[in-house]
Amino acid sequence: MQQDRGALKSRGMASLWEYANPKRFMQVSAVLLPWMAGLSALCLVVGLVWGFFFTPDDFRQGSTVKIIYLHVPSALMAINAWLMMLVTSLIWLIRRHHVSALAARAAAPVGLVMTVIALATGAIWGQPMWGTWWAWDPRLTSFLILGLFYLGYIALWEAVENADTAADLTSVLCLVGSVFAVLSRYAVLFWNQGLHQGASLSLDKEENVADVFYHPLLVSIAGFVLLFVALVLLRTRTEIRQRRLQALLNRERMA
Amino acid sequence: MLSAANLAISRGGVPVLSGLSFTLARGEALILRGPNGIGKTTLLRTLAGLQPPLAGQVAAGEDAVAYAGHADGVKPTLSVAENLAFWARVFGQDDIAPALAAFDLAGLESRAAQNLSAGQKRRLGLARMMVTGRPVWMFDEPTVSLDSASVALFAAAVRAHLAAGGAAVMATHIDLGLSEARVLELAPFRAGATAVPGGTDDRAYDGQGAGAARRGAFDGDDDAGAFL
Amino acid sequence: MIALLRRDLAIATRAGGGFGLGLAFFLVVVVLVPFGVGPETSVLTRIAPGVLWIGALLACLLSLDRMFALDYEDGSLDLLATAPIPLEGVVAVKALAHWLTTGLPLTLMAPLLAVLLNLPPQGFVWLVVSLALGTPALSVIGAFGAALTVGLRRGGLLLSLLVLPLYVPTLIFGAEAARRGAEGMEAGTPLALLTGISLGCAALMPFAAAAALRVNLR
């Protein structure tokens, strides 16, 4: 949402909030969606092919290191999807823009899938490295908990019939859940120091992975970000159409 | 005491009533009439401040309204006196004797509410209003499962409340014999499918007509939920 | 507020109020554990603090869905929402009543069950203290979950799904304090963090829960 809104703003439109209007959103997203999807496919193909076939093996980890091109971007997006849901939930609670609430709803399953990919690739990577598919390592555990938060959030959306009620309740859950997700992160660190390597990406150049791995990783991350934006746009469009359908049915009932 | 101006309300996101205006003065009672599903309960809940109106305003004094819904709000394991005394204390009152007397519950004080008949339970539910000390009473179908003697008790209690400067709004089909009560027929206020901005208005977006809704959608803070 | 507390306590402790069910559940869970992991005392001693904490947490969860649902169904919540008490106060009082009727009895019962699991003697104090400091958080967080799901027909299951992930920090610090205490290590840090969580939750969660209740009452 942040990304596409930013993109829209650069086109010289008057107010950011115009795109919170469902009709306007549909118009603009119809134009944006193919571009986002195409760019994302391009970035993913370039990033993954480059990463898998044109980088050397790591001197310690061998070729297993190459799963980083799926693992890191998906983990990044798993967290960013929740952050986006937090922002859009706040926008819904404060300014009552329906598109914002629907975008949050649309992002949740995407975020959950990203979490699952991160966990699965982590397990596949962890097996040869640590000799076990699963370890109660703080990072893995935190992502598992994040996955549970996604599940609860999605389940609440599904359970509440009235759309506005559901949007309100899930937004409150998202806010509270965010606080508890951070709390859980620190609690888990306290609970087990873990064997996960440090952050793969950081501003401190010393700790970064080597450049040969780094550049394709950036492309791959860009691909995941674009993929996320495209999926969220697509799903938000579906949600809006669903609401239109519901509105039509309501109208028919009242006519 | 209570007034509504150009009120529009929705149930489950669908507008049900619109363009409703009335004022209720001291000593007045308003009876809401209309077919099932027209939005009597929703209107009462909106007036009681439990849900926001779609459009228009409700003006009620601070802490003026007490609302008794379909259900009695009676706890089965507590006695009659405990049930009433609880609501009295919640609303900062302490005397439950007048309420017991008015609804012919004297003598049943120590009986557990689960052992009351349906009509007695209903009377206990209505007696709650008397211990709230609130000037505006709202009832949703108050006479369900009451016999004619009990209906007369209820009417007398409401009449006494009006005489003491209170007011009442109720949704009911039964003639309570409250000659001073005004009847508000809700059928003429039924919301049209596309009448209310914030509902499911599509004219707001198809580029013609419904200028107000259009402005609301494009200039204001709110996209008004128009998805068509 | 006091009237509400007294009413909720009276309802909970009278016939059909469900008081004691949570305790019985706690007992059964703890009794079942040795059947699952074997009777070896060294194993039981090691896992006792964690098992007792998880048992208490699940027992707490058991009665959560009744916290607002009963008042919602019989219309009491409508009248409470228009009462001079703020809804945040209603939530806080109901969470307190829940704690007094589940968290506190569970805390008092835990040492008895700890005997069954061979908790070392020095662990008893820490177990009780950690539960006493941690179970209020469970009740308040649970109140939030109960407020979210109050209008739903099959809210109980969803409530567990929503609340259990929120219990993670409380469980970690609580069980960690009990474990360290049982092993004779310093348990002050997790206890302090646990207290912090309880206080923070008690201060902030009623607002979130009241917001959810207002939405559900619409």
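For reference, chains read A, B and C in written order, and residue numbers begin at 1 within each chain.
Please note the rule applied: a residue touches a chain if its C-beta (ideal position, glycine included) is under 8 Å from a C-beta of that chain, and two chains touch if they have at least 3 such contacts.
Composition by chain, UniProt nomenclature: C = Heme exporter protein B.
The structure displayed is predicted, hence computed values, not measured ones.
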Give me the ID of the chain with the smallest distance between its Cα centroid and the all-protein Cα centroid.
C
Looking at CA centres, what chain is most distant from chain C (Heme exporter protein B)?
B
Pair exhibiting more inter-chain C-beta contacts, A-B or A-C
A-C
How many angstrom between the C-alpha centroids of chain C (Heme exporter protein B) and chain B?
36
Here the gap between chain A and chain B, centre to centre from mean Cα coordinates and rounded to Å, is 45
Hey, how far is the Cα centre of chain A from the one of chain C (Heme exporter protein B), in Å?
33
Give the residues of chain C (Heme exporter protein B) that touch two or more other chains, as numbers and ranges in rising order.
218
Would you mind writing out the residues of chain A in touch with chain B in their complex?
17-18, 20-23, 95-99, 161-164, 240, 243-244, 246-248, 250-251, 253-255
Considering the complex alone, what residue numbers of chain A touch chain C (Heme exporter protein B)?
145, 148-149, 151-152, 155-156, 159-160, 165, 168-169, 172-173, 175-177, 180, 183-184, 186-188, 190-191
Counting only contacts in the complex, chain B reaches chain A at residues 12-14, 191-194, 200, 202, 205, 217-218, 221-223, 225-228
Taking the complex as given, what residues does chain B use to touch chain C (Heme exporter protein B)?
45, 48-52, 63, 65-78, 82, 85-87, 89-92, 125, 128, 132
Over in the complex, which chain C (Heme exporter protein B) residues touch chain A? Could you list them?
144, 148-149, 151-152, 154-155, 158, 161-162, 164-166, 168-169, 172-173, 176, 190, 193, 197, 205, 208, 211-212, 215-216, 218
